[in-house]
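Structure record follows, encoded as structure tokens.
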Amino acid sequence: MGPSLERNIARTLLITVAIAAVACEREQRNLGQSQSAAPSAFVADVDLQPGPTFISDTSEGPFDDNAYNTAEGQALFEEMNCSGCHAHGGGAMGPALMDDQWIYGSLPNQIFASIAQGRPNGMPAWKYRLNNKQIWELVAYVRSLSGLTPKGARPAREDHMMVIPAPNQTPNAKPKNSSLPSASMFP
Amino acid sequence: MKALRPVSDVGGLPSVVFGQRSLMWWGTLGFMVIEGWTTALIFASYFYVRQNFEAWPPLQTPLPSLTIPTINLALMLASFIPAALAARAGKALDRAGVRRWLTVMSVLVVPTVVLRWWDLWALNVRWDTNAYGTAVWLLVGFHASLLLFDVGDTVGLTLFYWLKPMPAKSFSDASDNSMYWYFTVALWAAIYLIVYVGPRIF
Amino acid sequence: MQHIGDTHRGWAHVGALVATCALVCLAACRPDESRSTGSTNVQRGAAPTTAGGEVDLGADDGQWVMPAKNYAATRFSGLTEINEQTVARLRPIATFSTGTLRGHEAAPIVANNTMYIVTPYPNFVYALDLTKPGLPVKWSYNPKPLLASQGVACCDVVNRGAVYDAGKIFFNTLDGRTIALDAATGKPAWDTKVAEINIGETITMAPLVVKGRVLVGNSGGEMGVRGWVKGLDENSGKVVWTAYATGPDKDVLIGPSFKAYYTKDQGKDLGVSSWPPGAWKIGGGTMWGWIAYDSTLDLIYYGTANPGPWNPDVRPGDNKWTSTQFARRPEDGTAVWAYQLTPHDEHDYDGVNEQIIADLPIGGQTRKVLIRPDRNGYVYVIDRQTGQLLSANPYVFINSTTGVDLKTGQLAVNPDKSPQVGKVIREICPAAPGGKDWQPSAYSPKTGLLYIPHQNLCMDEEGVSANYIAGTPYVGMNVKMYAGPGGNRGEFEAWNPVTGKQVWAVKEDLPVWSGALVTAGDVAFYGTMDGWFKAVDARSGKLLWQFKTGSGIIGQPVTYKGPDGHQYVAVLSGVGGWSGAIVAGMLDPRDSSAAAGFVNAMRDLPQKSTMGGMLYVFGL
Amino acid sequence: MTAPPPHDHTGLPADMTLTDDAVAREAAQLDSIWRDGRGFWGWLTTVDHKSIGKRYIITAFLMFIAGGIEAAMMRTQLARPENTLLGPDRYNQIFTTHGTTMMFLFAVPIMTAMGLYFVPLMIGARNVAFPRLNAFGYWTYFVGVVFLYVSLFANTGPDAGWFSYVPLAGPQYSPGHRVDVWAQLVTYTEIAALCAAVNIIVTTFKMRAPGMSLNRIPLFVWAQLVVSFMIVFAMPAVATGSTLMLAADRAVNTQWFNPAEGGDALLWQHIFWFFGHPEVYIIFLPALGFVTPIVETFSRRPVFGYTALVMANITTAFFAFGLWVHHMFATPVPELGQSLFTAASMLIAIPTGVQIFCWIATLWLGRPELRTAMLFVLGFIFTFVNGGITGVMLASVAFDKQAHDTFFVVAHLHYVLLGGGVMPLFGAFYFWFPKIVGRMLDETIGKIHFWLFLIGVNLTFFPMHILGLEGMPRRVYTYLAATGWGPLNLVATAGAYIIALSVIAFLYNVLKSWRGGAPAGPNPWNSSGLEWAIPSPPPSYTFLHVPVVHSRHPLWEPAVDMPVVTGLRTDRREVLLTTAFDARPDSRHHAPGPSIWPLYLALCMGVMWIGSIFSPYFVLIATGLSAIGLVGWALQSTSTPGTERVATGDAVVELA
Amino acid sequence: MHSLFDPSSPQARAVAGLWWWMLAVGGTVWLIVIVAMLWAAITRRQRRLSSDLVRLDDTAHVRTERVVTIASGITVAILIAFLAYDFTVGHALAQHPLRALTIDVTGHQWWWQVLYEDPDPSRQLVTANEIHVPVGVPIQFKLRAADVIHSFWAPSLNGKKDLIPGYTTTLWFQADTAGRYRGQCAEFCGLQHAKMAFYIVAEPKPKFAAWLAAASQAPASPSDPHLVYGQRVFLSAGCATCHTIAGTQARATVGPDLTHLGSRETLAAGTLANTRENLLRWIVDPGLWKPGVHMPAVPLSPPQQEALADYLESMK
């Protein structure tokens, strides 16, 4: 075992430790049932904001960068029949979720509020049926559909009929809020 | 340790040899077996998933187009002539001949890589549409990587022949290059028949 | 299918031989044209008393009091002013914006020189004065349906129209109410909540008033609701009877007087025993289509919708009484006979399509029949007294089934096209909207032909697990639709119900999602989803006239005689519905499963039509 | 067997000898040509099969230790019911990494590494046929090793099992990049294995010492040759499956394994086991190659049944490709197919049995000397025969449906792999360590090591047979107390710690002996192979002169001196090529010298494979970067001037 | 109850017989080989002379050759016997009975959905994780997977069979003796592969018929106000979005059917004994008992939890 080999091994170990130190949030499996706190939801139906300048809440949901929780959200999206109204993001009874139009806002806390509280035009309120963690998982998945979450955490195709380009192939999105003529038109 | 007793002098043996006498020929053969076998396995997978479909290509999936792949195959087959001549010139230690035929060969094979892009789109299906699309894309795409490597090899060798005084060993390389090219084209002919022509017949 | 045609070739020959005979017979049955023309000039102070229901208001060709024109649901008008010669001069007389933008599937109703329009959600009602130029609004009414009802309305928030009877306008709201308005003032007479949106029930159908009963059915077959038809008292709005489509016989109002023609439809409590335990409670069988009424037999006829969920694996059995043709007594809803058209439906082949009442010469005798171009792709001719099946011939390309056995009444399913869980089955024809969806055909006794507006779509299907959560969709199927053979997505077809053969067809690029209208002037009207309103020769299908409206047409054209004695044609333009959901709902075409897969077939629609909501009235 | 070829090839006087002076001068000259460059750069650029082989062996053995630590963690978790030491998430990553490490990063690499080190030595060659390819293979493997362990520490360790069954490992049920790490890592190591295989095949066919016809090849080399052929046919399957199918399904959404769109979950199992079953023999056959020289040497007897052993090797390799379905008896494979695979699985027991009988016969005929290496061979037979018999049992469809995916199989495969692979490997270490290092390993510690290992292995894995039959499935992170599996699991865990102790003893022995062991001399065991004809450790040029061989046991020939050939150039790296079958001198080959391009290209590969997990564009980037490397590589090979003798047709021409 | 050593069906017994035979033959072979090896390595070492062992002793060699040939021949013979016996057993196991009770089992991450087929769809029965079967009747299982590959295995009754997405596989056995047989998923299926067990309860025919009749009845609606409250909690707190209780509006199919939960012996696919305390613990935090389980912790107040547990336990 030559000294250069030892040096090289030491070097490798250093690199390993350095990379490992950057813990990979993306791969964390949140298996406990601890509840992420619900946000103080701030929903804007219009961009106009009287008074002091509108300061947005966080632009990232707790699970936006977590592939596992996004996948859990994907499963919930089917199980809770979200796909019945929103199809696989293209919409049906409910509006499309994979486009860049967000009637009630595309920020994680806004989507959280839409799911938890429901929306007047037919979106049911889920807060009595799902816990906060599950809703946050749905938020992460819904945002992944339109390319709002980091690409590496977005789901690939499902083992089903190929109906949408997989979220991991969707380009990153720049969302617009409330760009429809009238929110009341769209449930 | 026993004392050494020379029994033979090998100084007179050649140091550049052709064909199966040369190491590089064996190495090339080894990788041809690996790549050919990989293609065979993909073919096996292609026929395996085919069992899951009532029609092939599946209903609602168009047949692949023939024009571009056929042109590409013709081009590759045409390049056999300069390839054979380059190999022969190599064996005859004809440096100018090798250079000439490698150049002709390069001119013929470089377009095949470009056409390969259109070969893929001539499949008329996306790789993620269904398992059929996946299988044909992988066959054509995997061969594309072999093609790219081989064409790069040919062009590189040609450039060396133009830019550098090539050592005697490169004559052997030129003939091995032709051998690998025949193999690559033979694989393509198989893929062409099975992927592009096959569904029209069966 | 071909071999069915072969089997019955002899029968078909006989039919062809007696065709002329049939026409003569039918001409005799036709309402007297001259008499109705004469009566329209009269300002009707009071409509005929209809408490007894014997008088068919629809017989008056000057008016159009119910979406299907008359109880026989022929959508045939005896007016002749607009005919092959004159139709080319047709021009818009007036337009009126409905103030809404979703799919306008309603028929304008004309009674007493007033036109009544019900818009899609929020179901505004407008009364337009036909006597004044520009058709000014007499009154309007906003029923203020619950916002949330939009969220449980499958396939757009449409409404298929109102009905006029006895000085009242009756209509349904999306949130499940039936409302009676005074026709003259627009004041509500009663307002009854009949459906519960919290479990997914909505109402999109046009009611029908028969013998003092307002007949209403629910929508929501994709939400795991239990289908029903209710008879409301015309004067008080009280629910008199409710006939469920699933469950025990007492719920379905099957009693001792019930007599199904085929053994497959006989038995006790089939609405329970043909389902897995309890599944009938969420099994669909809604009724959101058309009802016909035969006053001579005193029977109402309607069909029930698909079983739920779509995924058939979770509901083995025949799933009675979904996709079933019913005959009932209007007063108490008692079932008289039933015939299940599509047992254990696998492809969302609802049975809610129109049934047209006619007397046809079949087998050498005149038979009292229902003509039913069903969603599963066959035109059924059924003896309306007994429920006996007389013929069933495909009017579109079908491969999901291979024919109907006339002896047993059984539909023969093609197992190769049965959906499977976790596996895509490709090229199922017709697609989920069927050969024809809700869009009603017209029947001209004069030509003896049925005018069928329909689509030509096939689909890929994959069964997936369906989870029942009350008030949310309960479907369990991934669907992707596309144009059927020929590449045209729609067709307007003339069909001879006696021979069971197509006479002519106009191929349309887009599905023909509008209703049809045919007149004694031998002109047939329909609209296209890119906004063309077309008139064709009822005998040849030749295009005689067309006009481009502001939005795609999915409404029901009507014709009436104006106060000036001239004939007018009216239609609502405003694209939407299931087929137009991509435009009306601003759906994303990248998802081929959007709108239950219809979006995949309609990717180009946004380039061809935009949202709209406009009444067009045409005259010479 | 063909008759031995004539004694002499060129008619030189048989009594010509070399003077000591000439030998020393030539040795110095050769060393200056063949030795590695200096310092770290020299370390990075070496293409010497001995340097690379040593490096390979050490890296792979470190992987054995890493896999062993994971095994110890798993055994600790399973020591008692409902243990919460490792959660399911961590446990799944660890058992997957354990399997992956042991199969892909330890077992196959260390077996090929032994071949890469010793095949040239045993056939009288100075290097392998493709030295730079050899370096490239090692670096690729090294990148894979670093990649897997960095990933594991970053909580991205693969967690779908070393077999990565879809759909669990597919895009929907394994979100994130954990399985991508696995899929790409597998491909790296397969590339390394393929490079090694091609190298060993060509080296064996073209670079044998004159006179070493096919029927005189040492059994070690036969095993390596046969295994290399197996690698060529088995590894493309898993590379196809993991990268072209699994990784593609996950990254670019291809549909190989999506049943809804016509893909097939069983396709993966077929592809995987078409590789996976031969994989076992790829590990096991080289180990059998270790056994023969050890048995011969310590029995002081040429092995009994050379031909039978060679044929057994070849038939085993052949049958190994016909067994894969016996991993799939619980899946819907047609009954008739199952029966055929049962028969094939049982047939393979015959060549293995024959080999065991031959070794026992050799012992029987010889005078066994129980050195540590020999003890490990006895331990191998003791343990492996047990695993072989349970293997025959598992070939039975009916029984396999009970035992499949239980601890019975865990027991079986560890008996086979630890007994049939690791025991001979340890024996080989004791046997050849002196050759590599020049110093002897300590026999006393060696015997402690052996006994601890033998007891540990049997204590760990024997109870697992019973556990499996009592219904304990594999790959469970815990079990309920009510199952009654606790006591036997505790015994197994104790055994695992004994194994750990034995490995610590071995490591201590190695570290102690590396610096302070007794000097070995060229042939400490008085063994018969060519590798013992040269000093320990071997000089950079290995053989001063290429030896000429007259029998299977050149060093046991009664002759007092060693016939060699002369005439290879000493001013450049030149090796002798012989004909493929009867090994007559055929040509001289100019072998390449040190090069950085193998490392560079391996890193490009790393960029390609690791990057492709995140974006397909990395494939393009890496292809561009590789092009530079390939040009550099090619230029280096063409930039060696000197007069060549070119064989054209029948003539030989001198060319510049 | 959960072991190849306790076969309770003709199928498992045949395999167990095969196993004991293989063990006896295999053990003998092993013993002979090891004794021969030790004999050769240790005993003979002392007897051998040290002179020139490298040269072959022809007579010894020929004799050894004969021994090795015979040994190889015996190996072949044993293998043929193995093969014959195995084929006999395999053939017996492959014979499917004509008439059998058919039970559909669907594997989910990580529980088992069980459906008793009946030609009359209204007599279908759905349950989970606990399979009652009659003794002495062939039972045919149709096996499907809802997500990933699982494997259905009750060692005392028969070998395992994989449940593979895209395939329907079958397995059958006939329980001979009444009893409770544990089974477990035998193919790695993700985080909770370890806790995906089930029980097969084999009962005499009349008892089974009684069970079937009882299980087919929807549980009576509770009248006790505490239980009524529990039912309300169940229906409104999100339980009903995943679970079914026959006779109520809860008809969801994401999680196991909970009708008659009180009569089952275990909770969470064999993870916990079914006691009220365990049920309460499970409801409060499922992830504590099965980390990664898809069942969420539903935020409920303690009185709601109590009422819910009592309601679920009340449905025997």
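Observations on the model:
Which chain is which? They are A, B, C, D and E, in the order written, and residues in each are numbered from 1.
By definition in this document, contacts are C-beta pairs under 8 Å (C-beta built on N, C-alpha and C of every residue); 3 or more make two chains touch, one makes a residue touch a chain.
Just so it is clear, the structure is predicted and the values come from calculations on it, not from any experiment.
Where touching is counted per the definition, the chains common to subunit A and subunit D are B, C, E.
Comparing mean CA positions across the assembly, the chain most remote from subunit C is D. Centre-to-centre, using mean CA coordinates, subunit D is 38 Å away from subunit E. Centroids of subunit C and subunit E (each the mean of its C-alpha atoms) stand 53 Å apart. A separation of 38 Å divides the Cα centre of subunit A from that of subunit E.
Work out the mean CA point of subunit B and of subunit D, and you get 30 Å between them. Shared interface positions of subunit C, defined as residues touching 2 or more other chains, are 422-424, 460, 462, 465, 467, 469, 478.
The residues of subunit D that reach two or more other chains are 87-89, 167, 173, 252-253, 255, 258-262, 264, listed in rising order.
With touch defined as above, residues shared between interfaces to two or more other chains in subunit B number as follows: 58, 128-130. Pairs of chains meeting the touch criterion are A-B, A-C, A-D, A-E, B-C, B-D, C-D, C-E, D-E.
Note for the complex: subunit A touches subunit E at residues 29, 31-33, 35, 72, 75, 79-80, 128-131, 133-134, 159. For subunit D in complex with subunit C, the residues that touch the partner chain are 259-262. Those residues of subunit C that touch subunit B in the complex are listed here as 416, 424, 426-427, 460, 482. In the complex of the two chains, the subunit E residues touching subunit A come out as 165, 191, 236-238, 241-242, 254, 285-288, 291-292, 294, 296-299. Considering their complex, residues 7-10, 12, 14-18, 23, 129-130, 133, 194, 197-198, 201-202, 205-206, 210, 232-233, 235-237, 239-240, 244-245, 248, 252-256, 258-259, 261-264, 267, 270-271, 274, 522-523, 533-535, 544-546, 548, 555, 559-569, 574, 576-577, 580, 585-590, 623, 627, 630-631, 634-635, 637-638, 640-642, 644-649, 652-653, 655-656 of subunit D touch subunit B.
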